[in-house]
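Okay, so chain A shows up in both of these, paired with chain B first and chain C after.
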Partner chain A sequence: MFTSPRIQLLASAGAILALTLAAVLLASWFGPATERVLTVFLISLTAVVGIGLYSGNSGILSFGHVAFMGIGAYAASLLTLPSALKVATLPKLPEWLAMTELSLIPATLIAVVFTAVVALFIGAAIGKLEGSAATIATLGLLIIVHGVIIGWRDVTRGAQSFFGVPRETDLVTAAVACVLALLVARYYRDSVSGLRLRAGRENAIAAGAVGVRIQRERLVAFVLSAAIMALAGSMIAHFLGAFSPKKFYFNDTFLLLAMLIVGGMTTVTGAITGAVVITLVTEVLRRLESGFTLGGFDVPPIFGTAQIGIGLIILLAMFRKVDGLAGMKEWEERLLPVADLPDKAPVVPQAPATDTLTGEAMTMAFGGLTAVDGVSIRIEPGEIMGLIGPNGSGKTTLLNMLSGVLTPTAGRVMRGDEDLTGLATYQIADRGIARTFQNIRLFPNLTVMQNVLVAALSTHGGRDAPARAHAAMERLGVTGHAAADAGTLSYGDQRRVEIARALACQPQFLFLDEPAAGMNREETDALMVILRRLSSELGIAVLLVDHDLELINQLSDRIAVLNEGRMIAQGTPLEIRKDPAVIAAYLGTGRKTDTKQEGEMT
Partner chain B sequence: MKKLILTSAIVAAFAAPVAAETLTIGTATAQTGSLAYADAPTMQGMKLAVDEINEAGGIGGTIKIELLEKDVRSDPAQTSIAAQELVDAGVSVIVLPGDSDPSLAAIGVVSSAEIPAISTVASSPTLPEIGGDYMFSNFPGDNVQAAVSAKWAYDEGFRTAWIVYSLDTQYTTMPLYFRDVFEKLGGEMLGESTNTIGQQDFSAIATTIAAQDPQPDVVMTSAYEPDFPSLLRALRAAGVTSQIIGSDGIDSPTTFSLGDVGEGVVFTTAGFATEGSALESFDKAFEAKYGSAPETIYSAVGYDLIKVIEAAVIAADGSTDPKAIQQAMANLENVQGATGLITYKGTNGMPIRQVSLIRVKDGGRELVGQPTPDADLIPAPRMQ
Partner chain C sequence: MDLFVQQTVNALALGGTYALLALGLAVVFSIMGLINFAHGELMTISGYTLMYCGIAGVPFVISVPLAILAAMVAAVAMERIAFRPVRGGSGATMLITSFAVAMILQVLFQNLISARSQAVMLPPLLSESLRIGNVIIGVNKIAAIVATVLMLVFLDRFMNRQKTGIAMRAAAEDFAIARLMGIRANTVIAGAFAISGLLAGVAAVLWVSQRASVDPLMGFTPVLKAFIAAILGGLGSLRGAVAGGFLLGFIEVYLAAFLPQELQEFRDPIGLGIVVLILLFRPNGMIPSRVLGSVKV
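Up next, the complex of A and B:
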């Protein structure tokens, strides 16, 4: 199951195969030296997409992936090294390993699987870390693995040359490995897991709210990318024939990351672009620095320009294109911007809730500040409930507790008899509770279609996800924008996409945090119609926070009013309009007002 | 694809034509990166030798030498690419970096093209052993240095020894060769200690050695900065009075600035400029060309590398055929280089060279001896 249009994936695969084949043929025509340059390039590219698969999709820059390249190199080489040489140079190897002598392909497969298992443990350990803490952890990984390889002398020969590895990597082998890595990376990006991970990269809180388990997707990507690194490691080991731990350390990490960052971390197009640009510039400078004759003048060799060149490219790329030369999009996404909408198959509607959602005596304290103080709220199946209150009264905090973004300091969230308190947001989402955010939290670099689809895929086991996504987009009237990036839409459209995304989760309870903010009157009126239908046609209970009291008054069956963290009133719109406490909270005590004016209060 | 077209155009434009009376030596050395500390000064010495020979009319008065230089940035993969380019350019000899990894990464290319290759300053005797017939070294091997220092120690009347070594690198296992030779000569090993490179505290090792009764006559190590000064201070502080023997890794200004604690340390190195020696005239020629004295012995060793190639071409009757040069090189005897006499005959490609024994005296260097080691004494390379 892939989440992007088939034509894009086919175009990408076709281009990868055609380009690699053309490069191999051209290099063969040029001769053995060019073949070697291309072989090293292809192995580097394999490693670059390996790092990109994790870093690009998760948004966590990894300094540690070259360690997996090292593990793969040593593991595969231990299996292919001739037995006689193993006995002579590594006398303390266990006998079964010393006697094993495999050819390149089975050895590489075993090394890839072994490395993936190692990565599974490491990934599970560091997967909880976020942002720069995660990046620093990967740096630690690089240093620790380097230390282990040096220290484990009986198996690795320590810091000394690990030599005698059969030189079985030729141009074709490297090309096949590289094509494999590129295809895995490209298809992962638009797999269900890849899409979820990218959603998490774009906005972690929103991804959780639509059911994405970011840590699990990160682990999947981590293991897959480690496997690709191991493949690259085995290739370089069997290309060089001799290597030592320093081959898998900072120098190569720097070079590979330079390629990835210059080209653009988030796409396979970027990985290829970066690898090509840096290789190209290094190759040209390398030839120039060996000295040449120009118009009768002999220019003497000046070494070191290649490294300076790489440094300058990085600077230039970062100044001109922060997301890398290829940006955030694959080339085929730019050239073939189709939405490829799924068939609008009939969606089995989610049965309306029969139980109530209740918050019981919920308190949320941030340090000394109590944002919500002992609030109880009850939402009946299918009703529209308005939640109002002055700025800072605790509305959003209450919503965050009910949707699992915050765990209440005291009190419980119950759905029927089930206690939802302390559940993660993705678990809440799967229990029929979806929401939007006060400050729009879309996945700006994903298309509208992908924004909505990822929600459908991540809830209710992903059943009928494409149809659910399509139905949700239709209902909100954003189908026409399906192929557009969510971040490029107008404010009102972004609000609607966010509601469509929440709706794609097939919720029984929907929390909308200021859905009409920033909309004009016509847009607000149209939204009102849509929201009323959610309740009347789908039986979804809506908890609506807004400052537009006209909207609240017209839509709500009941209204709850918060002030300074406490619930001051609950009741029908009519009751609320007459409630002296509400009037006092909104206008201050000692002043009477005509209730009809409330519509203008914002 | 543009890359490949551009690439080949540049190669075509810059590859120099090989004339009949020219010997083209391709250098795929580390002029930048972590190995540049050795390969850059070696290149200076090589260029000095090439200029000298060419100014005198070339090898044997007729064959001019041309250097085709490539920088491999201390990277094994780049070394293998550069070696292939040099093979394609039709060079007769290839010079490889002063470390096993990149040299071994290139040896596959070099061997199948049947072109002799010499590593600038790699001292591991396993390199030519693994590299095969076309891989030569140029520096006094670890085993050769150890054989010289062990023989000297025994001849001085020292009969008991203790070694301190590290398995972290090939180089720091040199004391194991010392042990083999010393025992072969009839000396007795009282014990051995291991350390890790970068170890800060050597007091445990020093205390162990100091507690021996009697203390060993000799403590031998191939540790270098910053480990060697720490070890030396710890030993002396613990009351160890044994003769300390080191290796060429401590042939640096630091060793001569340690004050009293450094006095009397003896170490092996590639050369010593005695009055009227070849090294003295090399130093003068070097200063005349570059404006300052050579900073390390590597420059003289680089000069020697070219002299070895020159001798091999002469021995091959002026042939620039790589195979003929390889045959001739393997049988060279007593080639006069800047650092002394160099012999490949009877070795696996690791030359037998004169090794200089230096004693630290009054913060300066005193020559103890410049023996050519007895080939029978040199232990076989250790593969582990």
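Up next, the complex of A and C:
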């Protein structure tokens, strides 16, 4: 199941095959020297998309992936190395390994599987780390694996050259491996897992709130990308015939990362662009490096010209195009911006809740500050409940506790008889509770369709996801924007997309944190109609936080009022309007004759 | 027991150097979110200044401040030329920019100075050692520990008493609000780089005084360790950086001293393995930064 229009995926696959084929034919016409350059390029590209599969989709830059290339190279070479040579150079190798002598393809397959298993353990271990800490942990991974390879002399010959590997990688083999890697990377990006991971990259908190289990998707991508790195490792090992641990350390890491980042980390288009640009520049500069004659004038050889060149290209790319030369979109997404929608928006039956959602004596303390203090709240199936209170009264904190973003310091969240306290946001989302955020949290670089679709895919086991997504967009009137990037929409449209995304989770309880903020009167009125129909037609209970008291008064069946972290009143809009504690909290306890202010409440 | 005391002194000296480097990284990271790969090249610049001063016959007491000053100037220049254009970019963007700067500088050192390791003339006093009971302690080790303590005290006072230091802490908490309060972004960031240059310079002098040589890649390994120390302590947290630096120093020195001979080859992987193990239990480091991770929803 893929989450982007089929025409884009077909166009991409066609282009990958055609370009590779053209390059191979062209190189074999030019001769062996060009063939060698192209082979190395294709292997590098394989590794670049391998890193990109993880780093691009997860947003976590990895320095450690070359270690997997090394593991793959050593593992595959140990299997293909002639037995006689193994006995002579690695006498302490276990008998079964010393006697094994496989050809390239089975050896590569075994090495890929082995590396993937290693990556599974490592990925599970470092998956807890976020952002820059995760990046530095991958740097640690690189150093650890390098250290182990050097130390494990009996198997790897230590820091010495590992030689005698049969040179079985030719241009065609490298091309096949590269096409395979490109296709896996391209299709993963738009697979369900890839879309979820990208959503997590764009906004981790919102992704959790729509049911995405980010750490699991990260692990999937980590293992898959490590497998591609092992493939590249086996290819380069059987191309070079001899290598040492240094081959899989910082120099190549930097070169591959430079390719990835100059081109653009998040796309396969970017990986290819970056690899082409850096390879061309390196090839040209390497010729200059050994010195040359310019108009009868001898230019002396300058060591490291290629490195300086790469460095300057990176700086230029970062100064001019922060997201890399290719940006955030694949070429086919730019040229064929369509959204795959079912012909007719289906009406998805909703299952109204039969139980209530209750927060019992919830308290949230941040250090010394108690933001919410012993608040109990009860939301009945299908009702619209307004939650109001002055700024800083704890409304959003209450919402965060009910939706699992925060775990209450004391108290419980119950749905019917089930205790939801302490569950992760993605588990809450799967139990029929969806929400929007006060400061809009969309996935700005995903299309509107993808924003909504990822929510539908990640809740209720992803059943009827495209239909649910379409129905939700239709209901909020944002179907016309389906193919547009969410980040490019107007403020009001972004609010509507966020509600559609929450609705796609097919919730029985929906929390809206200031949905009308930044909307004008007409937009607010239109929103009011939509919200009322959510309750009357679909039986969804809505908990509504807003400062627009007109909106709250007209929509709510009941209103709860918070002040300074405590619940000061609960009741029908009429009761609340007359409640002296509410009036005091909102308007202060002025002279009683001051009736003009009281009028503003209504 | 004597061996233990001896190794503890070594660990303090090495850990102190890591702490200073990690602190330099943390000061910059906490304010602008940049992990500066080129921090090591500041060390190298400092080292080469010491070398040239030695060749020119400048007295050591003068060449040390000159070397530190060189690192500070280089740090501020680096920010102005390379990092200002990418300010506000993503962490990956800034990190890669700094890596490009590091790569260019390394090649320049190799071409303009020498690809090989160069000797640095040090005063003979540094290579002498003191005997306290049965324990022999090198003067350079004592100097390293004293210098580290002095720098930490200085930095603590600077960050808590000086206007620029307080402004930096405010900027680290919330850069946007700090700017609205009238704190000048350029001044604070330049200040942060100057401080990180100062720390890198001191660390370089300590590093060189243990080894008496400089090469183009001199800063690479210690700064790599400092990255790990900064993560171990809690990225963006100044106290964490110091704690992480010392802890890493202890792990390395004790492993080198007490690990059985047959496992010595795996020293680095084992050391890093311990670090990863600690991080598994404390993913945000030993002393997490209060700001990072507290995203307002």
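Operating definition for what follows: the second predicted complex is superposed on the first by the 568 of 602 C-alpha atoms of A that agree within 3 Å, B and C clash if a C-alpha of one lies under 4 Å from a C-alpha of the other, contacts with A are read in each partner's own complex, and residues count from 1 in each chain.
Going forward, contacts are C-beta pairs under 8 Å (C-beta built on N, C-alpha and C of every residue); 3 or more make two chains touch, one makes a residue touch a chain.
These figures come from a predicted structure and were not determined experimentally.
Asks: Following the overlay on chain A, give me a clash-or-fit verdict for chain B and chain C.
Replies: fit
Asks: After the superposition on A, what does A:97 contact: first (chain B), second (chain C), both or neither?
Replies: After superposition on chain A, A:97 lies in contact with neither partner.
Asks: In the superposed arrangement, does A:150 touch chain B (first), chain C (second), both or neither?
Replies: A:150: touches chain B and chain C.
Asks: Counting only touches as set out at the top, which of chain B and chain C does A:312 meet: first, second, both, neither?
Replies: second
Asks: Could you say whether A:120 touches chain B, chain C, both of them, or neither, answering first, second, both or neither?
Replies: So A:120 meets neither chain B nor chain C here.
Asks: Considering only touches as defined above, state whether A:109 meets chain B (first), chain C (second), both or neither.
Replies: In the superposition, A:109 touches no partner, neither chain B nor chain C.
Asks: Would you please give the vertex angle at the Cα centre of chain A, with arms pointing to the Cα centres of chain B and chain C, as a multiple of 10°?
Replies: 50
Asks: Please work out whether A:290 is in contact with chain B alone, chain C alone, both, or neither, and reply first, second, both or neither.
Replies: first
Asks: Return first, second, both or neither, reflecting whether A:424 touches chain B, chain C, both chains, or no partner chain.
Replies: After superposing on A, A:424 lies clear of both chain B and chain C.
Asks: Under the stated touch criterion, which partner chain does A:11 make contact with: chain B (first), chain C (second), both, or neither?
Replies: neither
Asks: Could you say whether A:365 touches chain B, chain C, both of them, or neither, answering first, second, both or neither?
Replies: After superposing on A, A:365 lies clear of both chain B and chain C.
Asks: Taking the superposition as given, tell me the minimum C-alpha spacing from chain B to chain C, whole angstrom.
Replies: Taking the overlay as described at the top, chain B lies 6 Å from chain C at its nearest C-alpha.
Asks: Which chain A residues come up in both lists, the one for chain B and the one for chain C?
Replies: 150, 153, 303-304, 307
Asks: Flag every residue of chain A that touches chain C in the complex, lowest number first.
Replies: Residues 55, 59, 61, 125-126, 128-133, 135-137, 139-140, 143-145, 147-148, 150-151, 153, 205, 254, 257-258, 261, 265, 302-304, 307-308, 310-312, 314-315, 318-319, 322, 396, 400, 405-406, 437-439.
Asks: In their shared complex, at which residues does chain C touch chain A?
Replies: 29, 33, 35, 82, 85-86, 89-93, 95-97, 99-101, 103-104, 106-108, 110-111, 115, 224, 227-228, 230-231, 235, 265-269, 272-273, 275-276, 279-280, 283-285, 293, 295-297
Asks: Can you check the complex and tell me which residues of chain B touch chain A?
Replies: 1-4, 6-8, 10-11, 13-14, 31-34, 68-71, 73-78, 80-81, 84-85, 87-88, 100-101, 104-105, 107-109, 130, 167-170, 197, 383-384
Asks: Give every residue of chain A touching chain B within the complex, in rising order.
Replies: For chain A paired with chain B, touching residues are 22-23, 26-27, 30-34, 36-38, 40, 43, 88-91, 150, 153, 157-161, 163-164, 167, 236, 239-244, 246-247, 251, 276, 279-280, 283-284, 286-293, 301, 303-304, 306-307.
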